[in-house]
Structure formats: structure tokens, C-alpha cells
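Just so it is clear, A, B, C, D and E label the chains in written order, and each chain counts residues from 1 on its own.
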Amino acid sequence: MILLGGKNATEKDSVGAVVRASGHATLLHCYQCGKCTAGCPLAFGMDYNPNQIIRLLQLGRMKQVLGSRAIWICAGCWTCTTRCPCSIDIARVMDSLRVIARREGQTAQGRDVASFNDLFLQSVRRYGRVFELSVVLGLNVRRRRLFHDADLGRFMLARGKLRFTAEKIKGVKEVRRLFSRQGAPVRTRKERVKE
Amino acid sequence: MSVNESDVVTTAEGAAWEPKIVAFLCNWCSYAGADLAGVSRIKYPANVRIIRVPCSSRVNPQFVFRAFERGADGVLVAGCHPGDCHYVTGNYYTRRRLTLFKRLLEYVGFEPERFIVRWVSASEGQRFAETVKEMVDGLKHLGPQKRVSRV
Amino acid sequence: MPRIGVFVCWCGSNIGGVLDCPAIAQEAASFPGVVYSTEYKYVCSDPGQKLIVDAVKEHRLERVVVASCSPRLHEETFRQVLRRSGLNPYFFEMANLREHCSWVHPDTTVREQAQRKAVDLVRRAVAKAARLEPLFPGKIPVVRRCLVIGGGIAGIQTALDVADAGLEVLLVEREPTIGGNMVKLDKTFPTLDCSACISTPKMVAVAQHPNIRLYTYAQVEEVTGYIGNFKARIRQKARYVDHSKCNGCGTCWTRCPVTVPDDFNLGLGERGAIYIPFPQAVPNKPVIDLEHCRRSTRGKCGACAKLCPTGAIDYEQKDEFVDVEVGAIIVATGYGLFPWEKVYGEYGYGRFRDVITGLMFERMVNASGPTGGKIQRPSSGKEPKTVVFIQCVGSRDEARGKEYCSRFCCMYTAKHAHQILEKIPGSEVYVFYIDVRTFGKGYEEFYRRVRDEGAVYIRGRVSKVYQDGSKLIVRGADTLLGEQVEIAADMVVLATGAVPAAGAADVARMIGIPQDKDGFFQEAHPKLRPVETHTGGVYLAGTCQGPKDIPDTVSQASGAAAKVCGLLLRDELETNPLVSKVNEALCTGCLACQPVCPYRAIQPVTITERLPGQPPRERVVARVNEGLCQGCGACTVACRAGAIDLKGFTNKQLIAEVDALCL
Amino acid sequence: MKEITEMLQQVAARLFNEGLEMFIGYESGSVPAKARPYFAAVQGETAALVFNPFCEHNLAKYLVRFPNAKTAVVVKGCDAGAVERLVKERNLDRTRITVIGVPCGGMLARERVLAELPQDGKITAITDRRDAFVFQTSKGEHVLEKKAFLLAKCLICTQNNPTGVDLMLGKEAPPVGETGKDPYARVKEISALDPPARAAFWDRLMDRCLRCYACREVCPACSCTECCFEQAVPGWQQGAIWLSKAVTLPDNLHYHVIRAFHVAGRCTGCGECERVCPVRIPLMLLNRKLAGDIDELYGPTPPDVPSVLCTYATGDRDEFT
Amino acid sequence: MKIGYYPGCSLESSAKEYDRATRLVARHLGIQLYDLNDWNCCGATAAHSTDHFLAAALPARNLMIAEEMGLNVTVPCAACYQRLRLAHRELTENEATAREIAELLGRPYQGKVRIYSLLETIAGIGLDQLAAQVVRPLKELKVACYYGCLLVRPPGTGCDDPENPRLMDELLLAAKAEVLDWGYKNECCGASLVFSERRLALRLIRNILRNAVDAGATSIACACPLCQTNLDTRQGQVNKEFGTSFAIPIFYFPQLLGLAMGLYPQDLGLGKHFIDPQRAIKAVGG
């Protein structure tokens, strides 16, 4: 049961954050035509269809949205954004929702996605470029399934496609500076301790 | 209804007997529907002879009886579907009149297939053709109407 | 027996490719009355037509039969040929050899049958031709005056248009002022211009127009006659105020000691027993509501009479009748609102004061309305913070309401949502809808704008509204999410659908125009004759024909006006000669024919019969008004004696046709 | 019976005093157990008026013959509708007519009565005893059970007390018709036959029609000034010739079917057509068939409508789709 | 033609052959690629899913480098391409973000750099020019050109029509390949999910492969290292998951152009594919 009206509408404010983060005031334009869902390659794996995510946002159902699996399933293919008749950048809304969910620690439904993103960015932060092997292995370690995709690993290795050493760029300090901003997502252990 | 070889009635001259149908069609719907059958080249048996009336409510039951007396084997009256009458209400009267008249004709011994009333709109060329086909089949099955025919 | 000429047309190969046209022509030559018979490639072509003209002259033909295509196609063409040949155009009959024969029986296997059929069809045409009579369209003079029934925006627009064309207009309105529903509205969607600001100038224009005679507080009680020549009786209800003396100073209505709920404001405000409905009323002169007037309820008061500086108050005034003659009638009786209180118990049957209708909201939000434009809960007078709109109340509800869509509710609801969000900061607006229909120019954009402003649209129908303390709990569902929704609201506004105005059935009966299944007046054709009725000279404008918004209403009103101008700017009308006629000698006056006529063309008249050897005797017979008759012939069958016959389709002709076909 | 007769004579006398010009009633026939229409034009002729169970004629149609006279007419329950029908269709000026109602205990089938009564007995008095008529004859008293001696139409009668009359004589009569008797029983039997058998049934009857038009003349619903089947219009303005006057089976059938159709919904059920038919064609079988269908399909017709065929309902049963 | 070259992380490791083929073909066509000095990772999906600022800031540094070098940039990786284009837009449209990045990096971005996909860069020399270089027409090659998501979406940053991209088709037509019209050329392959939600991603891959095969393709051409790796290396897993038997070689389009221009398959890195492209190459006489 969705309760609305008066004090029931408090969640509505946090939706404003999504709207602002998505750089759009157009969420309210959505008239629920469903074209985003119709074209979504991953709708089959979602608990709420993309149009329902927008609908829930219109009704101010932020908790429900952040707790959904759909926002993590979104692969960011931009099909929805491309075709939306109301010019809503749904893909970016999904991005924003992931950002907020991560900030608020609501990543239960998208643990692996969030982990992957963290590992990826940590790698970038450390080296300036991504060190694929460390990201993949890191993910496997976190998920306690060391030999996941091991077949591919072997193949890559055989073709000389995997690097074993990370290449640190010269300007890595500059890159780290980009990460140093207040509220930035990836912290070194040191920084975390400091906080 | 199909016709078996043995059902085919032959006339004195030996030619296969063909039923003769007089059809009263209202100008706005059914006559136009028959025109549409023509425009659409929908084939139907050549047994029907059409008389144009402005409205099915112009059809006096006496015309029907007259046709039978003159040797018609079947009579068809067709008008706009109830509610669609060009003259607003005409076919509602037709419906009452001809419902009673048809029941009366059957009561005095006419077979139901002899007298048919159908609603055929201007867009129902196919329905008109099918109605004629059905009637011809039915009448072939019954044979010639000789009871009140004076010919 | 008249001299008949038969012309068989090949229509190229359309007929000639299937039927043996020369053989048909040859056989036709032997039919009774036929003195000339020929065939030609294309009879409808110029040389073909000339062939007829020449043959008429050469063979002194008196009747012409063309055996070609459908009369629905070329009957008129050939009638003109006869006219050119100097014959009465109705001395013409067609046999339909193309649509009814060659095109449907093209196969060689049935060629012989088709040929026989074609000959039968020509014989039928000849038999009818032999019995044709000359027919002459009648001429009827036209009264250059138009009656407009209803003084809403439709009636106003149509009256102004007709009057501007130089024709006289009588505008009859049953309320004390013209303006109708539109003048009650606050703003109009999607432009948000003030409804009164754009309609009151038109009302004033009506009052001042030299060609318009305005009857307010009046009703048309009787209509007789036919296109070009209607007679109408107008009842001028007693106002108890002599408008010829009243100068509209307003002393009386500001000092009346009585207060009654004000129907113009749908009970949201009050007025006196002597009142004008609203400040810009036209005419701006009061009427007395005698039912509530203290002088009539308690026998003493007379305050208004004492105060009136011009002595205009006349408690003894009586209803008066005005008989008028008009050439055309435009019906613009408008709409009423669906009586939701009688039907929707789940919305409270009108028990909850904070459940109001859209029209009440219009009055409430109107600066000149009872709250001075302040949106407030009727129960407490406080400003509502959460407002729920429920669309399709009465509309799109086959079970208890109306099957149809009322068309304008989506948009007025969007407008209301906008007004709430604009006037009440921090307010929440929820709109329950089934579909949102924004068909007009700028409408979708407006709808989008309202959503941008924060109106939350919820797809689903509200199932129940109930009072919970000071709140109204609205229980609905979001069908897009598949979840139930419950809203604690301060006010609920129902988008009640449109129904025909009260009394529409009486108007229909009085004028003799049919109503559709929902009681709206039936247009002659839904696409191609939307402002005409089946009765000649009677036209429709506005919502009396079906729900529509203001732009559509005004367009239709102008359309009806154009039709009336086209009719009345002629000197006389030509009547269709294919009409019924009564043989008074045979008519017994049973009048079985009268009720079956959809056009009320048959009326009883008393004639004096002078039979040889008997004293003159008065008796009643039926008479057909040729101006009204449309020639359906339903009456001819109702007449057992055969006294009433249809010209062009006479009993004699039809019997001859039956006989000829069966030969 | 005697008191009604006396009342009739008194009323007639009074009416003549009040300016009546014609009184249509019954007198005794020239043979036993028979009555016949009686036209009293002056005061002195009223003594011949009678009423007894042989007054089966419906006198209403005679009114049409006196369009300009102040006329009184005697009606039984089954005749009253005829006056109403004629007035409704403007054949009569109701203001000139005084309708005098008599209570009816049923009419007797003359042949059966004669067979029951002694050959040479003269009927001196008839008394209605609800279930039977008691005949006093010169040879004694005879009780004739109504169930056995009434006319068939009286056995299915539902209205033996006239309505809409100006003057009602005597007490209201108790019901005559047998309860539970289906008026359409015979119609249903015929309908149950197959078409050829039905055709044979009717052909046998219609074949003997003489086209004497008695059925039409007596019928209160057949009120056309000129019947469509007999229009005598000069040649040059001749309208339609609907039907040949030849007495052939097709023409006879045409005549009777169309006549039945013309009176459909207007037939008052008086049964006079059948009574006057010289060749005993059971014409009421046609009228009753239509009455049954009308009842089944359309129910009662509103009183302000001329007939069932002059109105419609959009929801009428549609057997033609 | 001189142009800055931003290979991106993948082309350094898992998509080495793409890098090699690109450089060879560019040289052959007279396009001089200048690697951006000390470029960094664009942040890819991880950045924009995690922090909007980083998503703009990481590519910004690369754009500044290009601007300093006075070059426009060509990007072979679709993901990098989209990130760079979006960052460019963010930096030129959102003043606050631009200022913040400039402060952190100590220099501003002027917005002079134009970012091109490799497709655009190669097409930029002219299809006639390209056709003139073809010595070994790819006549027998039935190829489905696969664009995926990020090259063409969102509209405004894409390099071609988002619903019916044609650039790669045109290039391969110039190389006389038989280019097929098919429905999945712009569908998502799920690369960003393949590590975290593999089963979902495999289904997307299966759909694309099936549609290509149904259209009659014997090979697929890509312009993205993520797409290629995903479609190529995951075929085994797809077959296992869905009981299919796909074995369709997935080329980088410069590999095919290189073949057509007579370059050695080995040099083009054709030996590094999971699905052996031998049959397809033989068919074109390579």
C-alpha cells in the first residue's frame, strides 16, 4: 500500500536529490508509456521495470527504489534515454540512484556491481589506469569464488592478453587529486582510518 | 445448404429450374449494399430481381403477397440495420410489421425460407451476396412456389 | 399508354462484355408502351445524352428508361437530360444492369440467366416508367428569422454570427441571464484566460445587437411548421420586475431581507429572493424568486417595491406568451453535470462537504465567486493542503454512469490542479485518471506543464472516499505499479461528466428531433452533417449534441450559423417532390400514419365533405406537410385503405414493378 | 333477462324524450331462440327491445351508418371495445352516441339449445342462474348448463361486463369464461403442423370463401370508407389495384391474410367475422394468431397509440438478424 | 592527417590486437596517431555509476593533455569514446564542475578538443580513398557490423544514428565485404555486467549472436574492445548455458580493413581471438 498525502509524503524530498543529480526536472514529465521498459535489454532481470522506477520516483517512493535490484541490473546501455519521448535521461537517473544508494550504503541488492565498481576505481586511483587482473581477481576474492571465469583467464594468458604488472602513469598524483574531493567514493585505507 | 443432384427440379422444358426471388431493397443501405457487391465484384446467384424503395418501411406486405401470386418463389426485404435508418425510425416499423407478417405467412402454410427479411448496410456487399446465396439454396431445396402462384 | 424510349448502355465492356445489349434493346422494344429502343456504348457520355435528347424529339418520347448503372450514381444526370429534352425530369426510370447484373454475374456459366435477369430488370423499369407521373418541386417562402434556443456560449456565438449576416435572431434563454455554463467558469484551459472576461463582452454584444431579440427567463413551449416556416410559442416567465422600467440600479437586490442558497454558485454562496445571478448578468436587471420572496411566503414585506426608485416591481406580473414565426431553429441547450450524488455511494453520495465537483471548484476559485477566489474546504473554510482529483465520475462507466467520455474533464482537472499548485504553496495534488485525453491545440503541453508543476497523476479509479477525522481518505490504486494507494486528503474534487441539459427530452419532443442513446440530440450524420438534424431547418450547436469543449462548441455554433445563413438568405426553398400525399376521399382519418412519421409531417385537418345527395359533413383527414416530409413512405404502409401514397414510389408503380419482374 | 329487457325499454323511452334519434338494440327473431338487431327511430318503437342469451350480434358497426343522428347502442362486454375502436379511429362522433351496457351471462349456441328444448315448446322466459340458463317453455322448465351450451367464444371470454359505457343496466354479471382455458390452444395446434399440412388446412378453408365480404362489413376494425380491395375509382385516377376480385384460392388467401394483418392489434376479439361467415371459415384463428404474437412480442400497446404497428421500441425482438 | 590517440586501458591488455590493427591500418592510410602523453583511465561505467564528478573529472585530464598537445583525439574504445564525449560536454556546459576540476588539476580545459571515434577518423579520409587501398576484396565475408551501445548512445554524443548506425557498414562495404542488415546492431551486449551479473549478460550475448547468425552472418565486426571480448570470449559459456553451438569469429573492424588492404593476418592480431577466425579469413583468401 502506497500512503500519500500530508505527512506520508516526506520521502518526496529525497527524490529531489535524484532529480538534481540527474540534471533533470523532467522526471515529472513521464506519462508512463513504457517505451523504456519495452526497449530495455535487461528488463527481464529486473524486479521493477524502468518505467516503474520512474513511477515510484514520481510518487516519492525513494526507499523502495533504492532497495530495488533493478538499479543495479541496469547495464547503462542508454537505450531508454535515447528513445524516451519525454526526454528523460533514464540511464542517468539510474546512475544517480546507484550513486545515492552507494552513498547511503544501500547496496545489498547490487553487492557485486558495487564491489566491481569500487575495485575498478581503486585500481584507477592507484595506477591512473585500470589493472584488469587485479580488478577481476579482487572481485573473485571478495565473492569467495576464486576460479570464476578461470577458463577465460587461462585463454587470455595464453594469448598474452593479460598483464601481470600494473603500469602506473606518471601523473598518478593528479588522478589521485581528482579522487580527493569531499565525498568522493574511493578512499585509501589510510584516509578511511583518518575519517 | 447444399443441393443434391436428386433435389434439382426441372421444368417442363427440361432446363434446371431456377428459383425467382423478388427483393425490395431500401435505397440508402441495402440497395447501396447490393451496389457495393457489384463494385466489389462479389458474385452471387442471378436469381434475384431488385426493386428499389426509399425505405424498408415502404414495403407493404401486400407487395410480398403480390409477388408470390405472380409466381415468385421467394421474397426478400432488406433495410438498414435498426438504429441506422436514413429516415431515423423507418426500419423499426418495418421490423414490427414484417415480424408479424412473416409469422402470419408461416402460420398459413408458407415455408420460412420463402420470405426473408435482412438488415444489410451500405457496407455489407458481402452480406447481401451471402443472403441471396442462402435464399437460393433454401428455395432450391423447397422447390417452386406453386401454392398461390397464378402463372 | 405513354410513349416510352429505352436506352441500353454498354458501359464499355462493364455491361457489354457480359450481357448482349443489342438483344436486350431488341426485347425491350416489345414491352408495352415502348416505341423506341436502342443501345449505346456510354449513354452517360455527351453523345449518349445527345442520343436521348434527339430520340425524345424524333420519337416524341414521353418517358425515358436508361438501362445502365446504379441510379444512385446517374439518376440525377439523366433527369437533367430529360429536363433539357423538355420532359418532366421525373419521367425517368433506370434499370441497374451493371452493379446488379453484369458485375455480379460475369461467369459464362450463368450468362443465360444473367441475360434473362437483365431483360427482367428492364421490363421492371419500363413498367414503372409507364406509370410515372410528372412531379414538380414545390416552392416555399422562407421566413428570414432564426430562433436560437439556449443562451450559453453556443447560443451566443451562433446568434451573433447569424445576426451579423443581417438576419433577425430570437435568442431564448430559460435562466434570468445568458452566459450558460461558460460564464460560471474561472479560467479556460489551456490558455488560462479568464472565462468571464472573454464571454461577458459577447453577452453584451448580444444584448446590444440590433438584429437580436433576447428573451431571458423564457422558454420555447411549442414548435410547429417546417423548414423555412416554423411557428414557435415562447413563454416569458413572470419576473415580477418590469424590465422596461427597471434601470438595474441594484438597490433592491442588495436590500432584500431573504437569503437563499445561490444556484448560480451551486449552493456555495447565497442570494436574495430578488436577485441577479451574477454581477455581469445580461440583462443586468433582477427577477424575483417568488418561491422564497417573503412577501409571498409570509404575506408581507414589499421591501423591494418600496425601495425601487422607478416603481418597476410588479408582484402581480403573469407569464406571457409570444408567438413568433421563424425560418430556422438552432438548438443550443447545452449540458448539465452527471448527478453523481445519486449514484456514487463510494464517494459519499454528497455527504462529505469537502467532496465537491469541478464546477463548484470553478466557482470557488473565481475571484467574483462566493469565496472571493479563495480555495477553501467547505467544511472548515481552511485552505486545503492535499487535494485529490477523481476523473471520469459518471463518464466511462457503463454500469452506473455513462458509457461515453465527456471530453473536457481531463483538461479542466489539469487546470484545477494547476490552480491549486499555483495558489496554495506547498500543496500536494493527486489526480486519479483512467486515460488522460488532451485532444486540443496546446492541451497536451498544458497537461505536461501541470505535471511539471508537481501534480501527481495516478492511473487508476478511486474505489472509496471516507471521512477520517478532518481528513478524507481516498483509496485508489496505481495500476502502473499494481499497488494500492491511500491518500489522506483535505479536499476531493470530482470531475463529473456531462449529460444533456435538464429538459432536453422535452425540447426533442417539442421540435421533433431524435435523441441518441444518451439523450444528446442526434446529428444528421456523425461525420458529414454534424450540425444538422434529421428535421430540415433545425440545427445543433454545442454540447446539446454531445460533450465538447469551448473551442469545439464555438466552432459548431458558427457552423450552425453558416447553415442557417445558407438557408435563410434564399428567397424560397425548393421542396423534394418525392413526398407522400393523402387521397382525402379514401382517408378515414384514423391517423395511423401520424405517429409513424419521424418528421411529424402528418397532421389532421378537418375538411367539409360534400357528397352528392348528402348534407355537407365535416370530418378529419390526414394531411402531409410537403415541407417536412422526407419521402420515406413509412406512412403508406400504415394506411390500410391505401389513401396515403408516396410520389415516385406509388403503390401502383410498385405493384407494376412486382408484376413485371415476375413475368 | 326480463328485468334487463324492461330496463332497456325504459331507458330507450327516456332517451327518446331527451332527443334521441336512433336506438340500436335487439328484438326477438322471427324464429325461436334467435334475436336480431333492431333499430328504433321513434319513441313508439321501443317496446320491441329485448335482451337475452341469443343477442350475440355486435351492434357497434351499425353506428357508422348514422353519422349525423343522435344514437344509442346496446353493448355487451365483448362489444364495448368495438365502439371504443371506432371512436378512436374517428369513425364515430362519441358525443352523439349513448352507449348502453348490459351485463352478459354468455351467449348460447342456438342449434344446441334447439336440440335440447322440446320441438313445439314456446320459450316464455329465460333466467340466468350463473352456471346455467333456465328456460321456461310452455312444456316446462329446462336447465341448460352454460358449460355445454355457450358459444365457444364465450367460454374463453374475459370481459363480459362492458367498460366505457354511458349507462350500465342491471347488476354486474359474474365471470362467464372458464378459467384455465387457453385461448390460443387451437392456434398452437395449427402452428405445430408442418408447413405442407398447415397449407393444406388453410387451403381447404380458403377455397370455400365466397368473397362476400361479410366478415369485413361486420368488423369494427374494418372501418375504411373504401376498402383497399374494392376501390371504385374512375379509371383515369385509378390508384393501385391490390387484388383481383376473382374468387380463387390465391386471391382468397391474400384477402384474408391481409385483412387479418390490417386488423392486427386493432381486432377487438368480438368474433363477428366468424359468426357472419356463410361458409363457416374460422376466421378468428387468424386474428387470434396475431393477437397471441403481439402479446408475446410487444405486450400491451399504450392507449395513446393507434395500434401496435404504429409504434416501436428500439429493443423489440429482432428475428431478422 | 595528425590526430591524438587515446587507446584506453583495454587496448593495453585484453584488446591488444585492436590496438595493433588500428595502428597498422592508420599508418597504411596515412593517419598519424600521436598517443596522448601519460593518459589515464576514463573511469568507465564504474565511475559514472559511483560518482558523477569522477565520471567527468577522469576523462577531463585526458582532454587537457590533448589540448596541450594541440590535437583532436580519436578513440578506438566505445566506452572511452562516450566518456570523453560526455566529459567534454559536462566541462563545457557545467561551469561549476569545470571550475572544480581546473582547481584540482591546476589548469583549465578550454574545450578545443574534438573527440572522434575510430570509425569517424577512418571514414574521414574518404570512402573512395579507402576503397582505393583495397587489394583483397572481402567478397566472401558475410559480416554483421555490431555497434553496441556507447558508440551511438546517448544521442548527441554518439558518432552515428543511434537506431541505424551505418559508419562501419560503409567502411566494410568499401572493403567489398558483404555487409548484412540485421536487427541487433545496436543492442547491448551487457559487458558492464559480465563480471557481476554474468548470467544476465550471457543472455544478451546469446541474443546478439543468434540474431547475427539468423541474418546469415559468418562473422561479426566490432568497434569496441569490450564488445569484442564479450562476444568472442564468452561464446563457450553461452553455448554451455543455452545449449547452443555458436562459433562465430568476432573481428575488430580495422582487422578486416587491414586484411582487405593486404596486411598480414598475423600482424593484425588475428591469432589472438578466442574463436578461431581461420575459416572466415580463408574464405576471403587471406
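Rule of thumb we're sticking to: a contact is a pair of C-beta atoms (placed from the backbone, for glycine too) under 8 Å apart; a residue touches a chain by one contact, two chains touch by 3 or more.
These numbers come from a predicted model, not from an experiment.
Least step count on the touch graph, chain B to chain E: 3.
Taking the mean of each chain's C-alpha atoms as its centre, the chain lying closest to the overall protein C-alpha centroid is C. With centres computed as the average of Cα coordinates, no chain lies farther from chain A than D. Two chain pairs are in question, A-C and B-C; the one with more C-beta pairs in contact is B-C. Per-chain Cα centroids separate chain B from chain C by 36 Å. One simple way to say how far apart two chains are is to compare their mean CA positions; for chain A and chain D this gives 97 Å.
Taking the mean of the C-alpha atoms as each chain's centre, chain D and chain E sit 104 Å apart. With centres taken as mean Cα positions, chain D sits 48 Å from chain C.
Residues of chain C in contact with two or more other chains: 596, 638, 651, 654-655. Multi-chain contact residues, meaning those touching two or more other chains, do not occur anywhere in chain E.
Applying the touch criterion to all chain pairs gives A-C, A-E, B-C, B-D, C-D. On the side of chain B, the complex with chain D involves touching residues 61-62, 65-66, 68-69, 82-83, 89, 92-93, 95-112, 117-119, 147-150. Residues of chain D touching chain C in their complex: 67-68, 89-91, 223-228, 231, 238-242, 262, 305-307, 309-311. By the touch criterion stated above, chain A contacts chain C in their complex at residues 1-6, 8-9, 25-26, 28-29, 31-32, 51-52, 55-56, 58-59, 86.
On chain A, the positions that touch chain E within their shared complex are 21, 41-42, 44-45, 72-73, 75-79, 81-82, 89, 91, 95-96, 98-99, 102, 110, 112-113, 115-118, 120-121, 123-124, 128-130, 132, 135-136, 139, 149, 151-152, 155-156, 159-163, 167, 169-172, 174-175, 177-181, 183-186.
Per the touch definition, chain B reaches chain C in the complex via residues 18, 20, 22, 27, 31-32, 34-35, 37-39, 41-47, 49-55, 57-61, 63, 66-67, 70-72, 86-90, 93-94, 97, 129, 151.
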